[in-house]
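Shared chain: subunit A. Partners: subunit B in the first complex, subunit C in the second.
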Partner chain A sequence: MFEITYEAVVFILGITAVLAAFGVILCASPIYCALYLIGNMICLAMLYLLYNAEFIAAVQIIVYAGAVMILFLFIIALLGGAKEIVEPSVQRSSAFTFVFLLFGELLLAAGVGPTKSISGNLEPDVIAAIGSAKVVGVELFSRHLVPFELASILLLIATVGIICLAKFSYLPARKQSK
Partner chain B sequence: MGHQFVLIISATIFCIGTAGFLIRRNPLIMLMSVELMLNSVNFLLIGYSSFLKTLDGQIFALIIMTVAAAEVVVGLAIILTIFRTRHDLNVDHINALKG
Partner chain C sequence: MWDDILQFIDPVLNAGFIIGTVKAVVIAVGLLGIVPALVWLERRLMGRFQVRLGPNRVGPFGFGQPIADSIKLLFKESIIQSSADKFLFHLAPAIVVFTAIVTFAVIPFGEPLNVLGEEIGLWGANINSGLLFVFAISGMGVYGMVLAGLSSNNKYSLMGGLRSSAQMISYELTLGLSALSVIVLTGSLNLIDLVDSQKTIPYILVQPLAFLLFFIAGVAETNRAPFDLPEAEQELVAGFHTEYTGMKFAMFFMGEYVNMVTMSSLVTLLFLGGWNSYGLPLWPILAFAGKVFFLLCVFIWLRSTFPRLRYDRLMTFGWKFLLPICVFNLLITAVIKVLYFQ
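Let's look at the complex of A and B:
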């Protein structure tokens, strides 16, 4: 009979993520695109769980599927989700050619496979014994402290940029250009 | 499920994101396609971090998530500002820097 194995679950989640990604770019209405993107992110979060990255899976659900996608849905509700009519053109066919070439190159690269040998010693049971969040935190605050601080500066810059954009765009454009 | 599966799934989602960015004309959906591409790279990093038994990939994915959140917020604010002045959501019609 049919048996649920680790490989089968990983395979089905991967295929579902790809199908949801197709839904994102093929739906006419932005609101359906956003819902398909949420589905894609949840599938990827489950795959992170299966690859022993519980902390990143939780962050993916909270930050991506939660905060970012709610922001997207608010903006869609604010701007109105008008359907988009797409007609074939030269640009579209050249875009498809480019994408298929890119996909072929990436598949060729995937055929080569990994070139780096296994360097770490963090077995899944070691991570499970210490706790995923603790392992990530120790690594983040010891060896990767500078990128962490740079990320905080990046968020600060984004916040200041948002305030500038929101503040000055209240002026009507015509009056500003005189 | 080995390395090849992670590579192929990640490459497929990345190419779908690229195609969406190139063929769609709604800036919101173009931003969503960029999110797809970032997510596919995150998946690749985490899969390989699990195979190589290190945590560098997970830290890198965390930084990418920070960058993606900042990028989405600024991008949506710019789209909102453009929509306020032009009332149009087609990137082909936005071809001048001066409103």
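Let's look at the complex of A and C:
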């Protein structure tokens, strides 16, 4: 019975996440789209939590739902969240084709068969430790050190690039204000 | 079936469901009960700071004032602008209060008590990533303000919402990084472990700089003066809650004060040693409450002392001043920890 309750909660959360994802693409008002996306991310975080990945769940909420989506809302607020007018166009039909293609691929992927079990040292205390900040940190800084550092350099380059792009355009205005 | 649901909710304690519910209700009601008292305290203290009396007519020492205020707010007409987005307009204050109360769920405020042979911890939940949970949920609180600004269909409100989102993102970094230098010392994100590791010496003496940075960022994060740019009465006509009246306005107020209590508790846990009383003959819970009370008074003191920052200076202060110091402090702490304590 415990398993059933657990599965039911996972199922309900998963369905909510899928519905929220549909809301993102089907909603006309950009503000609501962003809100659906936040809802989707929170659902994902809860799913991580159900799989004992406390750290990943917290990071998901802090980074994606907290910081990234705030920037989305920020931009929507600055550009004005006007509803888009629904009218048939070439892009629309091609987008629908793409969605159905993706859906077909998903079905194909689901048809491959049951998920494979992993092997390794799976003592109860090892399983309990999975997902804690310590385990994630040890894994990141030992086995995945090179990709991790490469990713950080990439992010640094992107940050410097953005600062350059943003700074040059309004340098004269800042000089004036001083 | 019911047993299984209980078991799912609390697999460790099994019968912990009832205890958990009682705790949740006590914490939520207690927090909301503190708000009127805090408003009274703030008005009285502000009065003294500004060499006037403050509210002193309703009841002894003006104790009746918060009750009168809440009754007034409850019975006020709730006005909704016709061009506002109704759903988001109602949702925004709910998010603010909800996140404020949920954040407090993982804050421990005393040693475990022994009641009727049952060990009861004085906290809502004891989770391993407690500190991350606090940051995650309090980070969600900003949506309340942003949505209030977006849905009001008012330029001042929109400006307030934009300001609050920018400010929260900027100061969250300082908040997180200064907390990190304490975590480097403890090696745990669990708030109870943090308190236990301060048995001999509070971290404010080990990490005074981190304490200062954390407190400044905390004041900014709770949108209190001198960082209350999102509301800035004189320029933005109260910012994101310009269009709100009655109880919905009061909910924003509640959120702010509950956040103040949470932030004070967090500073107490991280830097002032939580419920450790360091030789003073105090109950743990009283030691904790005393420290929180002191910090709340400091919050009010700051408000009545400092003028509001200019907006661009606020951003410069956050990004170019606080953040570099924070990173530097973290670096030094980590180096010292690795060199001398391992």
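Here is the rule we use: the second predicted complex is superposed on the first by the 151 of 178 C-alpha atoms of A that agree within 3 Å, B and C clash if a C-alpha of one lies under 4 Å from a C-alpha of the other, contacts with A are read in each partner's own complex, and residues count from 1 in each chain.
We take it that contacts are C-beta pairs under 8 Å (C-beta built on N, C-alpha and C of every residue); 3 or more make two chains touch, one makes a residue touch a chain.
Just so it is clear, the model here is predicted, and its values are computed rather than measured.
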Touching partner for A:V160 - first (subunit B), second (subunit C), both, neither: neither
If touched residues of subunit A are counted for subunit B and for subunit C, the larger one: B
Touching partner for A:I12 - first (subunit B), second (subunit C), both, neither: neither
First, second, both or neither for A:I38, with subunit B first and subunit C second: second
Touched partner set for A:A58, first subunit B, second subunit C, both or neither: second
Touched partner set for A:I25, first subunit B, second subunit C, both or neither: first
Partner chain in contact with A:A151 - subunit B first, subunit C second, else both or neither: first
Contacts of A:A133 with subunit B and subunit C, given as first, second, both or neither: second
Which of subunit B and subunit C A:F98 touches, first, second, both or neither: first
Contacts of A:A67 with subunit B and subunit C, given as first, second, both or neither: both
Residues on subunit A lying within both footprints (that of subunit B and that of subunit C): 6, 55, 59, 67, 71, 76, 78
Sites on subunit C touched by subunit A in the complex: 1, 3-5, 7-8, 85, 88, 127-129, 132-133, 135-137, 139-140, 142-143, 146-147, 149-150, 158, 161-162, 165-166, 168-169, 172, 189
In the complex with subunit B, residue positions of subunit A that touch it: 6-7, 10-11, 14, 17-18, 21-22, 24-25, 30, 33-34, 37, 40-41, 44, 47-48, 51-53, 55-56, 59-60, 63-64, 67-68, 71-72, 75-76, 78-79, 82, 84, 86, 91-92, 95-96, 98-99, 102-103, 106-107, 109-111, 113-114, 116, 118-124, 135-136, 139-140, 144, 147-148, 151, 154-155, 157-158, 161-162, 165-166, 169, 173, 177
Subunit A-facing residues of subunit B, complex: 1, 3-5, 7-9, 11-20, 22-26, 28-29, 31-33, 35-36, 39, 42-43, 46-56, 58-59, 61-63, 65-70, 72-74, 76-81, 83-85, 89, 98-99
Subunit C-touching residues of subunit A, taken from the complex the two chains share: 1-2, 4-6, 9, 31, 35, 38, 54-55, 58-59, 61-62, 65-67, 70-71, 73-74, 76-78, 81, 132-133
